Amino acid sequence: MSKVYNSFAKAVSDIRDGSTIIVGGFGLCGIPEKSIEALRESGVKDLTIASNNCGTDDQGLGILLANKQIKKMIASYVGENKIFEKQFLSGELEVELSPQGTLAERIRSGGAGIPGFYTATGVGTPIAEGKETKEFNGKTYLLEEGIVGDFALVKAWKADTLGNLVYRKTARNFNPLAAMAGKITIAEVEEIVEAGELKPEEIDTPGVYVQRVLLGTDYAKPIERLTVRKA
Amino acid sequence: MDTRLTIVKRAVKEIQDGMNVNLGIGMPTLVANEIPADVNVLLQSENGLLGIGPYPVEGLEDADLINAGKETITTVPGSSFFDSAESFAMIRGGHIDLAILGGMEVSEKGDLANWMIPGKMVKGMGGAMDLVVGAKRVVVIMDHVSKHGESKVKKTCELPLTGLGVVDRLITDLAVFDFTDEGMVLVETSPGVTVEEVKEKTEAPFIISPDFIQS
Amino acid sequence: MDTRLTIVKRAVKEIQDGMNVNLGIGMPTLVANEIPADVNVLLQSENGLLGIGPYPVEGLEDADLINAGKETITTVPGSSFFDSAESFAMIRGGHIDLAILGGMEVSEKGDLANWMIPGKMVKGMGGAMDLVVGAKRVVVIMDHVSKHGESKVKKTCELPLTGLGVVDRLITDLAVFDFTDEGMVLVETSPGVTVEEVKEKTEAPFIISPDFIQS
Amino acid sequence: MSKVYNSFAKAVSDIRDGSTIIVGGFGLCGIPEKSIEALRESGVKDLTIASNNCGTDDQGLGILLANKQIKKMIASYVGENKIFEKQFLSGELEVELSPQGTLAERIRSGGAGIPGFYTATGVGTPIAEGKETKEFNGKTYLLEEGIVGDFALVKAWKADTLGNLVYRKTARNFNPLAAMAGKITIAEVEEIVEAGELKPEEIDTPGVYVQRVLLGTDYAKPIERLTVRKA
């Protein structure tokens, strides 16, 4: 019952034109590099992608933008990408901006069977336009809807053969949420171990959320803003 | 002292021992460097870390350890990692004591605009909208007057809002204001700045605090 | 073979290799003992464990390791611990392949009542209401007829519901039914049980599956 | 800035009559034994308690019931308690039953600043009475509200002096959620270590949720159903 796949091409081969995909990562940290590359190779189009950011011009989800595979982007911040700007301004690309905390909760909710929840975030701002509001204890809240993906692409540090996942440092970010919200969740990792080698208390994402596990190699792990001090 | 440093040095006084604090991207990030050694705080990074440490020693940077500004960082003892939903549960649920954010405009009612200029490319609000409604105390730091000489402290914000009535305190290079049920209140002026000058450069009407401090 | 064992042995056939399964308290818990060694499943416990193992060896019990029935247990390789919100995110979010629960009444529309008898003390529904709406497949196991000789397979449930139209399959000591858009369908009878006997002891009307199996 | 208290009596001394308290634990597993005992000693009354269960006649929250300190109980299962039954039937005790998953999510929501969310759990059952419903994609869901406690009492395995918590095995259960939802969260543990001794990735509850930490000793850890096999 191993969930391990040997080919990224095969693991993404049933992602079709028009699919909705939730993608983990924050900026270029903890992004599923290899699955994104495989998606570019597959050439599927008209994708709706929910991810906090959309990569840079030549990294991360940016390579799917450059290849014109994305129809709609749901994100909280898309500022690092000139191709994004061009496609957005030309009307090629549809964009739904969602505040970061709302986006994280919408993805978790999708995975948790919660179709909608209320938040004070965005009340009185352009984000509230067209959304239902409701008062609780005299305060106004917005209704935000859960997001479910046909697929989710996540990057973890380690997996076991049952799909249990462990993340590394702040590369965790949106990945555990994306894993919950994919009908089919594809996890790529830097190391795969046998079931039982990860301690039950260290597992961040239980394997029940994960359908496919792949070993990635030669991760680029680009750093967007290198900030250091002298020794 | 340049105006940025004036603002940052005043902002750091908002931070008290034992606080959990979120510092926004840009000028607010600089506040971290000014926190006195005897003030213990945990800095939160909304991507999923409580307990940001200093920048790493050259060569020891780790691509898997970044802050919300996507800068390489380190952690302090007692830090914890978590996912982004947990991070915003903390923020939205009122567990972060203080958020210090940059601003483009603040209104006399404490409305904040800091994420979007119509006609320019929309980059997105990131976590700012969550922070302003969730943090126990919201302090905005910004220049008092724009490059074009216009007051950024407005009767009403002209730019699209980040949050409605969310600012507790505004710190500019000229003055410090609080936002209360009685309206906008001047609580301090910067060294060498008169109340007259603040009035002149502030579009919004304000009252003067009984505890007003002339620096 | 007593009727309990008949039901349990039939119920275990619902479990397929690779499934994540939640077994309810009482008779459903007994199903675990009957799972063939070559069928790999992970059993979920809604208090916060995926991968329940057998009861601990005498003397090695751990008060911090229990199942939803509050029994001491062990874990299997590949198990994970999590909090109760995560546990029900799994359940409500449709990530559990199969839930096997006990029942008091099942209606022809697949409504289930299994938590409350009016006039008696209300103990609470625990996780049952979440399981019946969340699990991908819901199988109810129960005696076909009550101690008082009444059919527990009803036109309409008389007891307060646990869930509305939630049962996929009902397994009793006499028969197996599926709940489909066409109505309640008899798919099997137990060894030595005739369709006539099932009809007689079933208040709800049902149709007979084209694939009906007479055991 | 240590959050460590030395006295349970002092740690619960500002819990007043009429307070709402969220209490961790599942059955008698992972319950804050010492804080509950201190509450009994304090004698505060008219408490509203949100907890999955209400202990047994002489264990856990049952001792507050026996002492007539609880006015209202919000729980999913209360079947192990005769005193409960008696007080409920006599009208002394108010009870709000909430399905277990809904209760867990309501407590998390309270802690996460979410005043309400929608769930399919309970639709068409007595639990739906008086609750708003809403359709999403043609399916009906109930509106359930978040729960915030004036206080939360939680039991963890280890803490550091900053209030970071680690739980043991299934004693985790409702504790991390309770910790999130208390305005003042009081955590009792079996071991307290210095800040930095717990790894950042092993912490289950970040200290930001915890205001007071206490070392408990001589935990009873009663087993409700001892089930064993022969060696």
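Going by the order they are written in, the chains are A, B, C and D; count residues from 1 in each one.
Assume contacts are C-beta pairs under 8 Å (C-beta built on N, C-alpha and C of every residue); 3 or more make two chains touch, one makes a residue touch a chain.
It should be emphasised that the depicted structure is a prediction, and the values quoted were computed from it without experimental measurement.
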Checklist line | Contact-richer chain pair (by C-beta pairs counted) among B-D and C-D | finding: C-D
Next item on the list: Considering only mean CA positions as chain centres, point out the chain farthest from chain B.
Entry: C
Notebook entry, point to check: In whole angstrom, how far does the Cα centroid of chain A sit from the Cα centroid of chain C?
Noted result: 35
Note to self: Centroid of chain A to centroid of chain B, CA atoms only: how many Å?
What the structure shows: 28
Note to self: Show the residues in chain A shared as contacts by 2 or more other chains, in ascending order.
What the structure shows: 105, 108, 112-114, 119-120, 168-169, 200-201
Next item on the list: Enumerate the residues of chain C that touch no fewer than two other chains.
Entry: 49, 81-82, 88-89, 91-92, 133-134
Notebook entry, point to check: Chain contact graph: line, ring, star, complete or other?
Noted result: other
Item checked: Chain-chain contacts as defined at top -> A-B, A-C, A-D, B-D, C-D
Next item on the list: Write out the stretch or stretches of chain B touching chain A in their complex.
Entry: 45-49, 54-67, 69-73, 81-85, 87-89, 91-92, 111, 116, 121-130, 133-134, 160-165
Note to self: Using the touch definition from the top, list the residues of chain C that touch chain A in their complex.
What the structure shows: 17-18, 20, 40, 42, 44, 49-51, 75, 77-82, 86, 88-96, 133-134
Next item on the list: Would you tell me which residues of chain A are touching chain B in their complex?
Entry: 26-30, 52, 75-79, 85, 88-89, 95, 97, 99-102, 104-105, 107-108, 119-127, 157, 167-177, 204, 221-231
Check: In their complex, what parts of chain A are in touch with chain D?
Finding: 105, 109, 112-120, 134, 136-137, 139, 141, 145, 168-169, 200-202
Margin query: Which stretch or stretches of chain D touch chain B in the complex?
Written below: 1, 108, 110-114, 160-162, 164, 180, 194-196, 198, 200-201, 203, 206-209
